[in-house]
C-alpha cells in the first residue's frame, strides 16, 4: 500500500501522465466525463461520469478502414489500432465489471482487434466507493464497490489517496510515482463505513429468477407491454450504459472514396439491425424487451450466469421517462422481499 | 496615343467618377450651355476628347475657362455622364500641369487677372486635393 | 447498373475555344457508371443528335449527360433526341458549360476543370434520375384577351376566326386603345380610324367574340388549359343591353366641365358620355367622379331623357368568373409622364404638347376639328419645334427610360410632313440624336419629309425651352454646324418615351408572368418564342412586350393568336412531370405543405396503413394533383420529414449535385 | 479546393430556374466574367432550397453558399421566393448564432435580365469568401 | 390529491376508458408516464407532483388513435404542445378528454439530487422540499430546484381543455426566457462558436431530445432515413453534431412551443432549448409575435410571408465581428 496526501493529487496526476496518457473523471461544463488530463484538470466531486469508462475502449465512433478510389482502382487502407499505453484513473467498481462483460464479447473469437489493442495498452486504476447514491445497485451483482480491483486500486479518504497495486503492471506503475508508504490498516475504517452504507442501498434486487430455463416465460411476460408503453425509443440508456456493446457499421462517402466506420447503435432504435425485409423487432415493445432480455437472460445464458448489468445506476438517472432495468426486473419478479 | 495621355485620362476618370463612353452625343449638354458662344469647344466635345485621349487639344482649349459650373449640362444629361465634372476635371488637370500643385489662399489674389474667370480659381481651389 | 453516356459539345468554338472538350470527355469517361464519353462539334445538329441516338441504342445507355449550352436553350431538343432512341426523355441531364462556363471564364485550365466538375454533377444527378411520364390535363376551348387595343382586337379576331371563343377584357368603356386616338398612320398616311374602326366593328359583331368593356381582371387561378379568371365588371350606370347609343343623354347632361380623356384633356365633355363616335360598344357610361346625381342624389336628367330607360344609378360592380384555356396579355403602352422634364416647360406652357396630344390637335374628330391651332390662343402656329427622345434612351434614375421607344422617329416625320403639307407657311424643326428608320418604306418616308417637305432636321438636342411673350424660346444644339440655335417657336412637340401601361404590373403578378426591369412582359425566348410568356398558357401581344408600331403589333397579335389556336386546338395538354410527390409512408399529415402551395394542388386523404405490429391504421396523408402542381418545390422544404419530394429535382438528386461540386 | 497548391474557395450557387439561372445564362451571353469557383445548381425555385442542402454543401467542403432567386414579387410561382426569404433569414441567423461566419451565406435576387448583376454578385461573393478564408467552422473533416 | 381523484372519477364514471398520467417510481423523482385503465390502477400507483415534469402531449398522438377516449392531465406547457399537435392533425381531439391542471413549476430531479445526495423520498411543505436521503434529512427550497423552463415560465395559461382543475393562469409576457439567447448574441462570433462547440461536442446523439420533443413526431425522421440519404446515426464529426441540431431546430421552428423537454432530458445537459428560442425570438422580432400552440388557426411564420419581410442580408445571429 502506497499513499499520497490529498492536496498533492495534481502532482500525482502529473506523474502518472508522465508515464502514459492519463484519463480521469473530471467536470466538463458541469458534466463529469473521462477527460484527458492536462495541467489544471482535477478529479470530479461527482460519484461517477455520465458516459461510462467503456468509451475509452469502445469509442462511440471508430474508423475501421478507408477506401480510396482513383480512376478504376480501389485502395484499401486499414485504420490504425491503439499503439500507445494509456492510464485510466478513477474507474468505479461497476465500470470495472463492465470491462469483464465487454471482454467476453469483444475478445471472444474472432477478436475485435481495435478493442483488444486498447485493452492491452491500458492500465486501470480503480477508485473505491464510500458514498454511493440511491441509484446505485452494484450489490445486486456481488460487486464490492468498497474494494474494486484493476491494476491499481485507489481509496480516497478525507486526507489522502491510498493506492494498492493488484497486478504487475500496477506494481510497475506505482514504482514510478512520488508516493510514500502506507498500510492496509489505514483504510480499514474507511472501508468498513463504506460497506455499511452500501448495505443500506435502497434498491435491492433478487435476480435469481432470471435464468435460461425461464427464458420463454420471461419473453412472453405480459408486463412488457405496459413497461415499454412510455419508452420514447431514444438511445440514452444504451449510450450511458457501460455494458451495451452494439454497433452499426456505416460507410461515409468522402471526397475520393469511402470511410468505413462503426458507431454505437441502440436496440431501442427503430432502425436497429435494419434488413432488406425491415426491422426484425417492429414495435417498441419488442425492442425494449430485447434490451432487458439481453442484459438479464441472454447474456448470462451464454456467459456462465453473469448478468450484463453492473448496477451503476446511470440509466436510472438519465432515462427521460425514468423507465429502467430496476423497474423491469422488479416487475418481472425480481423484487427481493424486504 | 501615348502612355502619358493614358495616365491623364485615368486621372480624369478618377476625378469625375464617370464614364465618357456612356455619352451618346445627343448634344443636350451643349444645347443647355449658357456659355456656348464664348467657348471654342463645347461640353460634349470636351467629354469626347477625354474619351479619345486628345490631350494635345485639351491642353489648348480655352472654353474650359468659360464654363461657369452652372451644372445645367450635368442636370440634363440623359446618360448621367455629367459633362460639368469633365469640365472641372480637365481644368484641374490643366492647372496641375502648370506646376504649383499647392494653391495657397495667399496666392489667390495674384492669380486673378482679367483672362482667368474667378470660377476657375474657385474650382481649382475646391478640387485640388482630389 | 448504370450505363451513362456523356456527350461534350464544342459548340463550334463557343465552348471548345475556352474548354478543352477532349479532356473533359476523357476525364468524365472515367467516372463510375459512365460507359461512353465523347465530344462533337455541334451536338444539336442533326448529325450530333443522330450520334446520341445511335449511342443510346448501341451502348444501351440508361442515362445521358450532355455538356453543352444552357438547358434553357436545348433541353427540350435533346429530350426529344433521347426519346427518339427509346429512352425516357427525363433520363437526360445537361451540364451548362457554355453560358455558365466557357463564356464567363477566360482561363482555359480553370474553365476545363469547371466543365469537368459540372459534368460530374450532371452524372451524379442523372444516376438518380427516374423515368418520368408527363400527365395530361384538359383544355378549355376559350381564350381571354386582356386589353382591347389594336393588339387585343387583332388577336381576338384571329382566334375567333379559327372557331374558338374569345373574351376581350378592356378597362376603358370602349375598345380601340391608343390607335383610336391617332390621326394618320405612317408610312402610308392612311387614317387610323378608317382602318381601325372596321376591325372594332368586326370584333363586336363576331359571334365568337364577347367584349367585356369597362372591366378588369381581378384574380387568376388555375393553369394552362384551365385558367379560372375573375373579372370585375365596373358599374357604368347604364344598362348595356338597353342603351342604343343615340347620344341624347350626352347632349343633355348639365355637367359640362369634364376633361375629355379621349382628347387627352384638351377639351371637355359631359359626365355621361360615349367615349367617341365610333366607340364599341357604343354605349354611354357615367363618370361617377363628376355625375351630380351620383354625388348628391339630385339631377337625373339623363334618366329623364333616355327613351329606353337604360340609366341605372343603382348599378353595382359585378364579378364574373370564367374559365379559359389561354390568356393573352395585350395591355399596351402609354406615354411617360413629363413632369420631371422641367427644362422643356411641359405643363408650364400649354403650347408644349406631346406627340399624342398633337395627334388629337390634328384629328378631324379632335378638339380643334382637325385644324392645327395651338392650345393657348387657338392661333395657327408658324414655327414648330419637335424634340425627339424625350425620356427615351435616358439612363437617369426616375426621369426616363433606358430604351429606344422605337416609334417616335417615324411619327415625328409623319407629323412634320402633314403639317408642312397642310400649312406650307409653317417652319418645322426637328431636333434629334439619331433618326432610326429600319422598316419597310420607313427611311424613304423620312427622306421625303426632308427632301420634299423641307422639314429642318437638326442633329442635336434641345437644352431648354422658355415661354416668353407668347413664344417658346427653344435653345438647342446643332452638333454638325457647331452652333447653338435659338428658335422662337409657337408650338413645341415632345416625343415622349412610351412605357408599359401601369395595369401590366399587377396583371403580371396575377398571371405569374415575369417582367423585365422596365415592366415590359418577358418573352419565353427573346428570339425563338417572342409571343409567349415563360408562364405556360400566357401569351403576349403588342406593346406590352416592348415598343412597337402598328404593323408590328398586328403581326405579333396574329402570331400570339396562332399560338393560342395551337393550344386550344388540342384536347389535352401534356403537364410538366416534374411535380411534387408525397411519400405516404413518411407523411405526417400535418398540413404544412398545403399551406405553402400556391396552386392548391395538395389535399389530404385518410388512408389505411399497415403498422409495424401488423395491425392497420388510418392515417392522414398528403395527395398532390399532378395536373395542378407546377413544381416549385415550396412544399418539399415545408415538410419536416422529407416526405414531400420533387420529381426531377429530388432531394437526393440535388444533394448528389452538391456532393459532386464540393468534391 | 486546392488549385496548383493554393487555396481557392468553393462556391455553390443555387439558382432558380426562371430568373437567376436565366440571368446567369445572360451573363454568359454578354460574356461578363466571374470566377470559375462558382458552380451553379439549378433548382426550379428559390423555395426548393432546403437548408439540408446548404449544410450539406458546407459539410462537403463548400466555403460559401449563395441562393439566387427572382426578385420578391416576381416569383414564377408567385410566392416561392417569399418563403425562401423567410427560411434563409432564419437559417442564416441561426448559423450566425452558432458562430459560423455570417458572410459565408448570402441571398441575392437576380432577374433574368440582370446578367450584369449576376456577374457583379458572384465577383463580390468570391472576393468576400476569399477574404474570409477556408470554411473551418462548418466543415466535415472527413471530406478533406 | 385532486388530480388523482379526478382520474379515478373519470375512469369509474366511464367517461373515459384510459387515463394518461404519471406512475410512481423507485424514488420520489423517477415518475414514468403511464396509461391507467382502471381506478384501482390509479389508486395503486398514480402520482402527480412537482416532479411530474414530463410533457405527455406526444403520447396522445398514438393514444388518440386507439379505441375509446383517453383522458390526459395538462400542465400549461403541455397544453400548448397538445393544441399544436391538434393543429397539425396529429392528435385526434375527439378521442381525448383534456383536464387542465394549474402549475407552479416542475422540479429538475438532477438539481434536487445534487442538493440532496442519496435522495430517497421527498414531500412538499409550503415552497420547501423536505428530502429523505441516505445521509439524513435535507431541506431544499422549491424555487432553487425548478427546471430552467419553469424559472422563466412563459405562460401559466392552459390553452386547451375540457375541464379545469382550479383557476386558469395567465400568459407571462414578462418572462425572461430570451435573456440567455441575448447573452449569447452579445458574444463575438468567435465566442459564440466556442460556446456552441463546447456544448455540442458533448452530444452523444442518443436522440433523447428528438424523441421526447412533441414537435419531432415525424413518422420517419430525416436523420433515420437512409433512403433519403440524410441519415446520421452518430456524431461522427463535429459537422454532424452541428448538422443534427441546426436541422432539428429548423424543422421545429414555428412549431416548437418552447416546452423545454429537449433540455430537460439531455443526459449531457446541452442547453438545446436555446436553439429553439433563438428561432422563436427571431420570428417574433422579424415577423411579429407568434406562440406555437396558442391557437389552432394562425399560420406559423415559416408557412407565411409578408411582401415587405426583411431581406436575409438583415439576418443576424448576434454581434458581428
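When the chains are written out, they are named A, B, C, D and E in that same order, and each has its own residue count from 1.
In the analysis below, a contact is a pair of C-beta atoms (placed from the backbone, for glycine too) under 8 Å apart; a residue touches a chain by one contact, two chains touch by 3 or more.
What you are looking at is a predicted structure, and each value in this text was computed from that prediction instead of being measured.
Engineer: What's the minimum number of touch steps needed to get from chain B to chain E?
Structural biologist: 2
Engineer: Touching chain B and chain C alike: which chains?
Structural biologist: none
Engineer: When every step has to jump to a touching chain, what is the lowest number of steps that links chain B to chain D?
Structural biologist: Minimal hop count between chain B and chain D: 2.
Engineer: Could you see whether D-E or C-E has the larger number of C-beta contact pairs?
Structural biologist: Per the contact counts, D-E leads.
Engineer: Which chain's mean C-alpha position is nearest the mean C-alpha position of the whole protein set?
Structural biologist: Minimum centroid-to-centroid distance belongs to D.
Engineer: Return the chain whose centre of C-alpha atoms lies at maximal distance from the corresponding centre of chain A.
Structural biologist: The chain lying farthest from chain A is B.
Engineer: Let me check something: if the centre of a chain is the mean of its CA atoms, which chain is farthest from chain E?
Structural biologist: Most remote chain from chain E, centroid-wise, comes out as B.
Engineer: What is the distance, in whole Å, between the centres of chain A and chain C, each centre taken as the mean of its C-alpha atoms?
Structural biologist: 72
Engineer: Per the centroid of Cα atoms for each chain, what is the distance between chain C and chain D, given in Å?
Structural biologist: So the centre of chain C lies 30 Å away from the centre of chain D.
Engineer: How far is the middle of chain A from the middle of chain D, if each middle is the mean of its Cα atoms, in Å?
Structural biologist: 46
Engineer: What whole-Å value do you get for the distance between chain A and chain E if each is reduced to the mean of its CA atoms?
Structural biologist: Result: the chain centres lie 30 Å from each other.
Engineer: Pull out every residue in chain A that's touching 2 or more other chains.
Structural biologist: Each of 252, 255 in chain A touches at least two other chains.
Engineer: Any chance you could list the residues of chain B touching two or more other chains?
Structural biologist: In chain B, no residue touches at least two other chains, as defined above.
Engineer: If a residue has to touch 2 or more other chains to count, which residues of chain E qualify?
Structural biologist: Correct list: 222, 230, 236, 302-304.
Engineer: Which of the chains are touching one another, listed as pairs?
Structural biologist: A-C, A-D, A-E, B-C, C-D, C-E, D-E
Engineer: Which residues of chain E touch chain D once you look at their complex with the stated criterion?
Structural biologist: Answer in residue numbers: 184-185, 187, 189-197, 222, 230, 236-240, 242-243, 246-247, 249-250, 253, 275, 278-279, 282-283, 286-287, 301-307, 309-318, 320.
Engineer: Mind listing the chain A positions that touch chain E in their complex?
Structural biologist: Listed in rising order, the residues are 28-31, 33, 50-51, 60-61, 131-134, 197, 200-203, 226, 229-230, 232-236, 238-240, 248, 250, 252, 261, 263-266, 269-271, 274, 316-318, 320-324, 326-327.
Engineer: In their complex, what parts of chain C are in touch with chain D?
Structural biologist: Per the touch definition, chain C meets chain D at residues 70-73, 96, 98-107, 110-111, 113-114, 117-118, 121, 509, 512, 514-517, 522, 534-535, 578, 596, 598, 630-634, 636-638, 646, 649, 651, 654-655, 657-659, 661-663.
Engineer: Taking the touch rule as given, give the residues of chain E at its contact with chain C in the complex, in rising order.
Structural biologist: Chain E reaches chain C through residues 65, 88-90, 217-222, 225, 228-230, 251-252, 255, 299, 302-304.
Engineer: Considering the complex alone, what residue numbers of chain C touch chain E?
Structural biologist: Residues 585-592, 595-596, 604, 617-618, 620, 638, 640-643, 651-652, 655.
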